[in-house]
Amino acid sequence: MNPFLALIGRDMRLAIRVGGGALMGALFYFTVVAMTPFAIGPDLNLLARIGPAILWLGALLASLLALDRLFATDHEDGSLDLLMMGTMPLELAVAAKAIAHWLTTALPLIVITPVLGLMLNVEMSAMGWVALTLLAGTPALTFIGLIGAALAVTLRRGGLLLAVLVLPLTVPVLIFGVAAANAAIIGPAPFGPPFTILCALSLASLVLGPVAAAAALRQGLE
Amino acid sequence: MNLGPHAIFIIASYVVVVVVVTALIGWIAADYAAQQRILRNLEQRGVTRRSQRAKGDAP
Amino acid sequence: MAVIDLANPTRFLTLVNRVLPWLIGATALVFAYGLYRVAGAPDDYQQGATVKIMYLHVPGAWLGMMGWGVMTVAALGTLVWRHPLADVAGKAAAPIGAGFTFICLATGMLWGRPMWGTYWVWDARLTSVLVLFLLYLGMLALYWTAEDPNRSARAAAILALVGAVNIPIIKFSVDWWNTLHQPASVVRMGGAAIDASILVPLLIMALAFTLLFFTLHFAAMRNEILRRRVRSMRMMQAREVPV
Amino acid sequence: MSTDLIELCAKDLACERGGRLVFSGLNFAVSSGEALVVTGRNGAGKSTLLRLIAGLLRKSAGELDLTGGAAGADEATVAEQSHYLGHLDAVKPALSVGENLRFWTTYLGAPRGAPIRPALEAIDLAQLSDLPAAYLSAGQRRRLSIARLVAVPRPLWLLDEPTSALDTQSQSRLAELMRNHRAGGGMIVAAAHGPIGLDDSRELKLDAQAGAGS
């Protein structure tokens, strides 16, 4: 098995085992979305209108907050040094970690989206579309968050600093994500354009994220 | 026993309960088997618990 | 048999191995009889046959609450009486309580669809059960991320106590929140006085659920004791190597 | 390791960290079979030099390159041809001893299916291979970290106080491994305070730059 798959396998095994952070993102997402109506009130048709927005904000926060430990644990136990000395370029190693993180954090999040949609009174048919937009958007969130995680690895105030650093970068993803979701549910507007832009953002971040994160790691390690 | 127009929801509820209960039972049984396997494996390698040696008690 | 001599895990294990088959038998019997009575129970004049969902929904809520009760007693056992098996009991009860709470939520949604036209209505009681479920998820996350059982025991016990104190507060605030925004017509689940022909099957099902809970709980405790035994033997194994 | 003559040479190497000049004007060369022990007081830059050679730090001046070695090794960076054994052991507690070593063996580029058992036997942890690493003592974790050097053949070993946390038996085992490595044409650059079982090694003394430079 080549180093790329070995690293993905290791990270997923670590995430799933006791002490790992596999479902933490999904739990946070469930809690945030389940608690929003306590602020907004139980009015079902209001909830239905802003359902996609709540789901997207929850997904955004959940995938970012779960990222801050991505490099920190490796940095603390010395693995990060060795990851930089592999035969594989650091960019690929960083991408492998992001893919493992996406599989263990963002995927469960997308799987439970339909259940949460029910709580926000979003019809079942629309749930498929919202999940689709999340499926297209979360890679962008993870790979952009990767840059924040790499920057935050050597700084003290890891977690929140990561969110503050990275949230502005994820604004386009949020805009087109919610736009696509709303277009699918309420929308006079067509679903196509915002969705394709969302996919483009994700593909771009697949390249930008690892390159920027690897550079940040090389600079950061003193 | 006629379940009336909403039969689907009644049956679905019972199916949910069956699924959740079997999931709990399955997880507990699998966990039990896994712990037994590891314990047998450890005992095979001659690892003995303090209590077996000193007749004390080690949870 | 005083609780004290249950303190010895080995003796507790032999007790569980002896009692468990009987418990499983009793659970199956009561469930069979309960389902038989439920099948025979009359339909509700308003909801028709969908009232049969109540026989799962209401016991689910009771068992969800009882699960947290068991964890609270276990928490006192850990913090106050220092009972060695207390944390084992608490950790074993968490997933089972969460399971029953999930049953309550799921059947509540499936009951809501025919009655109110949507799967989820922010009804006061259903919402309180939802918050209880969130508490359970927090507890499971706590047990899931802590590797060392002695460290997580104290933290979980404190969370259980804090949770127990907060459940009535949450119940009150959700009720208040619900009446604040209350759209006029929400059918109360289950009328004030339940007729005996519906009440008896409900109590039998509740008993069946309780027996199921304790069967699963004892089995889960047995697993937890074995897991800690594996842990101490692995520590032996690491040390016995001639370093 | 059938490597013909390889040589690591540095010409007036300098390194600055956090605005402080750690060392400058450093010249040394190490070739196959040789060992260089870097000594000096705390803060003299021993670890910094090792991390710089390993490519984990950026040099602020001078030349550093590894020449010769197996065919096609010249474009591989120094990092890809060296092992770095730092103060931290890079061991994941949730993974078992075998899983930890298997991962590093695959990641650091050992040929597919290279057995990890000989490396585990070399550090006498073979019978603990499926024990989670959380249960290991500091010494055992250190030995697991050393196993990585045995499992993946690389010419240059960079050892930062390798004998810390090791008892006498493990130290003699490490000395044995270092002898075999050098006999096979490998090189060792080690930072240490006292003796670490390296016979006939050259010494590179680093005197602390008393705040010289910027």
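As written, the chain order gives the labels A, B, C and D, with residue 1 at the start of each chain.
The definition used in the following text is that contacts are C-beta pairs under 8 Å (C-beta built on N, C-alpha and C of every residue); 3 or more make two chains touch, one makes a residue touch a chain.
Because the structure is a prediction, the values reported are computed rather than measured.
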Which chain's mean C-alpha position is nearest the mean C-alpha position of the whole protein set?
A
Which chain pair racks up the highest number of C-beta contacts?
B-C
Using mean C-alpha positions as chain centres, tell me how far chain A is from chain B in Å, no decimals.
33
Approximately how many whole Å separate the CA-defined centres of chain C and chain D?
54
I'd like to verify one number: the distance from the centre of chain B to the centre of chain C, where each centre is the average of its C-alpha atoms, in whole angstrom.
16
Could you list which residues of chain C touch at least two other chains?
147, 234, 237
Going by residue number, chain A touches two or more other chains at 18-20
Where in chain D do residues touch two or more other chains at once?
93-94, 127
Could you run through all the chain pairs that touch each other?
A-C, A-D, B-C, C-D
Chain D partner, complex, touching residues on chain A are 1-3, 6-7, 9-10, 13-14, 17-20, 76-79, 81-88, 218, 221-222
So in the complex, the part of chain C that touches chain A is made up of which residues?
109, 118-122, 127, 130, 134, 137-138, 141, 144-147, 177-178, 180-181, 183
For the complex, give me every residue of chain C touching chain B.
8-10, 39-40, 43, 48-50, 52-53, 56-57, 60, 84-85, 95-96, 99, 102-103, 106-107, 110-111, 113-114, 212, 216, 219-220, 222-223, 225-230, 232-234, 236-237, 240
Chain B residues within the chain C interface of the complex
1-7, 9-10, 12-14, 16-17, 20-21, 23-25, 27-29, 31-32, 35-36, 38-39, 42, 45, 47-51, 57-59
Using the touch rule from the top, collect the residues of chain D that touch chain C in their complex.
93-94, 124-125, 127-128, 131-132, 134-137, 139-140, 167, 169-170
